[in-house]
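Think of it as A, B, C, D, E and F in the order they're written, each chain with its own count starting at 1.
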Amino acid sequence: MISLADGVQIVVLAGIVLSALFVVRMRDLISAAVALGACSLLLSLEFYILQAPDVAIAEAGVGAALTTAIFIFAIKGTQRREDY
Amino acid sequence: MSILGLSPLMFLFYLFLLVAIVFNGLGMIGLLRFPDVYTRLHAATKCTTFGSIFLALAVIGYGLINWVRSDFADTTALTFMVHTFLALAALLLTNPTGAHALARASHRAGVEPVMAVVDRLKEVKK
Amino acid sequence: MIEDTFLVVSGFLVLYILGASIRLAAGPTAPDRAVALDTINTLVVALMIALGVAYYEVIFIDIAIVYALLSFITTLYIARYLEERNVGGEAAGETTGTEGGA
Amino acid sequence: MMVPEFFQDHAPILVVILPLLGAFLTPLIGKASSRAPRYVAALFLLGSLAMVAVLADKVWSQSPIPVVYTLGAHSGSGINPVFRIQLVVDGLGVLMAIIMGIVSTAAVLYSWSFIDKYSGQDKYYTLLQLTAVGAYGMVLTGDIFNLFVFFEISSIALCGLVAFRTERGESFEAAFKYMLYSTISGVFLLFAIGIFYGEYGVLNMGVISEAMSSAGGASVLDKIALGLLVTVFSLKAGSVPMHMATPDAYSEAPGGISAIFVAASQTGLYALFRTSFTIYGHYNPNTGAFNLDTYTLGWIVVILGVLSMFIGVTMALVQKDIKRLMAYHAISQTGYMLLGVGVGIAVLSDPAKMTAFGVDAMRGGIFHIINHALYKGLLFLTAGAVFYRLQTRNLNEMHGLGHTMRFTTVFFMIGALAIAGMPPMNGFSSKLLIYESVYQFNPIIAVIAMLVSVLTLASFVKVFYSAFLGPKPENPPEDAPTSMLIGMTILVAVIIVFSLFPGLVVERLIDPAVRALLFPWLAGGV
Amino acid sequence: MFGLNFDIKLGLDTDGGTWTALLFALMALVAFIIAYAIRSRGIKGHKEREHVGEPFYFGNIVPSSAWVKSGNVYWGFVKAMERYYRPVRGEHTGNANDYISWMVVAMTAIILMVVFL
Amino acid sequence: MMRPMSKIVRSMGGVLYPLIAVFGGYLILHGHLTPGGGFQGGAVAASAVALVVVAYGGTLYKKGVLSTVESFGLLLFLGAGLIGMSAAFFANTLANAGGLFGDAVSFGVTDAGLNTGGTVPLMNIAVGCEVIGGLGLIILALSKAAFTREVD
């Protein structure tokens, strides 16, 4: 029997995998950046559940605000849609 | 005095938790079911903020209970209350601003409200 | 005892997060996805508070504060980008003339 | 000359932190004066070279027992290497540090004039010193995670330097490719380190090898980690078939940087030999077993070496870009080192063959490392001087530079003779050792090595013929500026000393390195 | 310092014998002196006689147009080795994806060899 | 140059910016006592820079200031290492020595004060400065590059 805490963790991990898949699959780069934000958000949550607050704060600081900002700037500077 | 076999404080606590669950769930359903960005934004932001307020209130109440029960000696419970209050304050400051920025951005980006007949903002801008 | 109640609440919240990520995947336009992200942010902050009580660690609430503040910046950046561009994002035909002002 | 005890004690860490300090001082100083960074960089790199000399004295006097420096602890207090960051310096490490010290000093002096016209010089010197820090740290540390950190430092700094000349779009492309390669290889390196940490819970290389030995040799996971490590480090060294980014990066980097690039790439070789010998070649005297039967590993390294030698030199022969040609030669020469030491790895568990020719092969391979860094550094500097005067690297557009660029021509000739292995240059000594010992290992490979040497001579004859000989050009360029000539002269002087006294150099410099690699083997009394 | 004593070892001992670079350099110097002596006995001023052996440029000032460009050096070698050069040059595409695929191929091969051999 | 955002966002950014910066400072200064430390706090504080850049349009910061902060942080870090040179590089010779961060701590689980830890808080501060400077510079440079690019 899976305990409730394990269940929470399983769902969060599934969410990480799903959002990572969205990141790869999305052709619209701004949506991919949004999905990446969600991915790092859930990753931070996972670190949090694994009782690693140190890493969770680092992931929050870098993953939530700064990487998204950098990606947005990069997309702004280049083009929005991935084409190949 | 007790309500449903609980002390009034505990009853309030569980009630708050219930409200939190229900409203967060409503926010999620609204996000999924509503037709366009603006209605989704409205549902999601409003309900989840409201739900989160009640969750935070429940936590604060929980800290209060522990603090009172320990004869005001359990400083951890007190810190819980203060920090949760700070988190709530952060949430209350950021959520509406973010929602405003998103709504404004979507409007500027040219997303039309579905089923809307008049768009006064657009008329004003023009 | 009460900690288990918070665990139940967090179970609900995590399900809501999964539900919101459906909108993240399906959302026809980028603003929809941004709204979904914003919702997930709020839910995660709530979840962090709930789990913080469940584990009974004050520092975990601190992370919730950090996250509430930082996720807001993400939302702002996405909104800032969307303000300038059309939703369809057909980059070829677009001009960047709106930037010239300030 | 008496060296104060402070420097004697702290020499290992001072080697690393002096350029680090210089790197961070440079941008601050650069705000005050735009000419100051060059002096700061030269000062700190020279200081670092002096510390290398002090360190070398200490290491050689107690060879083959390594000098251990523990960060953050009083030496002598109960130091547990499991919890401490340690610098472990032995003969091989100090040899690599000497290479880096000489080449970086020459390159920084050379850069004084070379980048005089460019803006952002403080950043250039910062990155240059950071490259030196990365290379020094990689060869001096005893901790495999620190090795990864310094690997990344040198990769990132080199990437920034490759992209330094922003007026050229190609620089960005080359830097991007190099960045991609080094980042991905860094991830795999981290993965291999994760395997070690997961299995043994330690990061110190010596402790890992002992833990592996007491666990009864390398497990399958360790072997996978070995495969990752071999790939990553041979990529850093620029061996075929992972060489693709190196010609781009070498040729687009500014002149002085190409020279440093060679020395920094060879830290990859260092790390490869270090993992092969120290971790996987660990000999357990109690059970009489090695951690891994290194015969296969040796053959892998030999095959990589032969491929690099041959493909590198044949690709070099058809190049029209002078620096690209030299970059392919760098790949080709890397092959010699892999070949020499690969033979040593292959016969590690066979004492008879080891004493018969394995030791000589390793001497040749390691001697070739230092020779190559010197003469290839010199050649890149001369190519940079040609580029500085002509603003082109296309050999088709050059002729008759020897009429006016006299010093550059002489220096190029010395470098070309050395790389082609013409007696009495130093390249001949090391190649001689490699040929003779590899012939006993496998005659065909020795023949290929000699053929490659002939082709090397041929392609440098081509460069010499087309760039320096021939009719005087319409606007004959002046010779290179003084600071560039000084930088080249340093390398030429060292090359000539190495050429004329190979026996002395091998005895004093190379043998401690070989002994350091074979230390567990020798200590086991095989 | 550096443990230097003055019995400097000149030769490099290899399996086949001893290689003494200094001796070689001395011999080369002697050979050079002999060659120079012979050369100095030759007739001075042969350059003054113009157009000696016009098809050969030695001894005359070479016009720039008559200089063989670098790209044409070893043309025959490359032509003869074309069956080798075509695939090898074809692999150097300059495409980063190909770079990474080569790396992955090499890594797989090395891991398989290390684990199974 | 990028335009500032709407007035609501700007005023809210003005309120939240000091909050985030102070929180980052708290994480940095408490690094030796609670989870957090130089990098985490620096990243959070750099997010404050990112907030100002996005809300006000990136004209409020000068590159020179941030790069000086970065260099200063790195030098402070090395300096903190060099303090311990009497024993070894990075040795914590300031601990238990009195002075600013040198208060003694008794062995075991205690409520350690802020002024303990020797060179560790110094290093946290140094790393924090470096991370604020570095990440802030990245954000600033990228915002300038992305919004001044000519359409080709």
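The definition used in the following text is that a residue touches a chain if its C-beta (ideal position, glycine included) is under 8 Å from a C-beta of that chain, and two chains touch if they have at least 3 such contacts.
Note that this is a predicted model, so its numbers are computed, not measured.
Engineer: Would you pick out the chains that touch chain A and also touch chain B?
Structural biologist: C, F
Engineer: If each step moves to a chain the current one touches, what is the fewest number of steps from chain C to chain E?
Structural biologist: 3
Engineer: Looking at C-alpha means, what's the farthest chain from chain E?
Structural biologist: B
Engineer: Quick one: most central chain, C-alpha centroids?
Structural biologist: Centre-most chain by C-alpha means: D.
Engineer: Using the average of all C-alpha atoms in each chain as its centre, how far is it in Å between chain C and chain F?
Structural biologist: 25
Engineer: Measuring from the mean C-alpha position of chain A to the mean C-alpha position of chain E, what distance in angstrom results?
Structural biologist: So the centre of chain A lies 55 Å away from the centre of chain E.
Engineer: Report the inter-chain centroid distance for chain B and chain F in whole angstrom, where each centroid is the mean of the CA atoms.
Structural biologist: 31
Engineer: On a C-alpha centroid basis, what's the spacing between chain A and chain D, in Å?
Structural biologist: 39
Engineer: Name the residues of chain B that each touch 2 or more other chains.
Structural biologist: 90, 94, 97, 101, 104
Engineer: Identify all positions of chain F at which a residue touches two or more other chains, and write them in rising order.
Structural biologist: Within chain F, the residues that touch at least two other chains are 5, 9, 16, 19, 27, 35, 44, 47, 50-51, 54, 147, 149.
Engineer: Which chain pairs here would you call touching?
Structural biologist: According to the stated criterion, the contacting chain pairs are A-C, A-F, B-C, B-F, C-F, D-E, D-F.
Engineer: Under the stated contact criterion, what part of chain A meets chain F in this complex?
Structural biologist: 53-54, 57-58, 60-62, 64-66, 69-70, 73-74, 76-77
Engineer: Name, in rising order, each residue of chain E that touches chain D in their complex.
Structural biologist: The contact residues of chain E facing chain D are 1-3, 8-16, 18-22, 24-25, 28, 61-64, 66-71, 73-74, 77-78, 81, 84-85, 88-89, 92, 94, 96, 98-100, 102-103, 105-107, 110-115, 117.
Engineer: For the complex, give me every residue of chain F touching chain C.
Structural biologist: Touching chain C from chain F are residues 1-5, 9, 13, 16, 19-20, 23, 27, 34-35, 44, 47, 50-51, 54-55, 57, 147, 149, 151.
Engineer: In the complex of these two chains, what residues of chain B are touching chain C?
Structural biologist: Its residues touching chain C are 13-14, 17, 20-21, 24-25, 27-29, 31-32, 37, 40-41, 44-45, 48-49, 51-52, 55-56, 59, 62, 76, 79-80, 83-84, 86-87, 90-91, 94-95, 97-99, 101-102, 104-106, 108-111.
Engineer: Using the touch definition from the top, list the residues of chain D that touch chain E in their complex.
Structural biologist: 1, 3, 53, 56-57, 60-61, 176-177, 180-181, 184-185, 188, 220, 223-224, 226-228, 230-231, 235, 241-242, 244-245, 248, 296-297, 300, 311, 314-315, 317-318, 320, 356-357, 360, 395-396, 398-399, 423-424, 428-429, 432-433, 436-437, 440, 458, 462-463, 465-467, 470-471, 473-474, 499-504, 506-508
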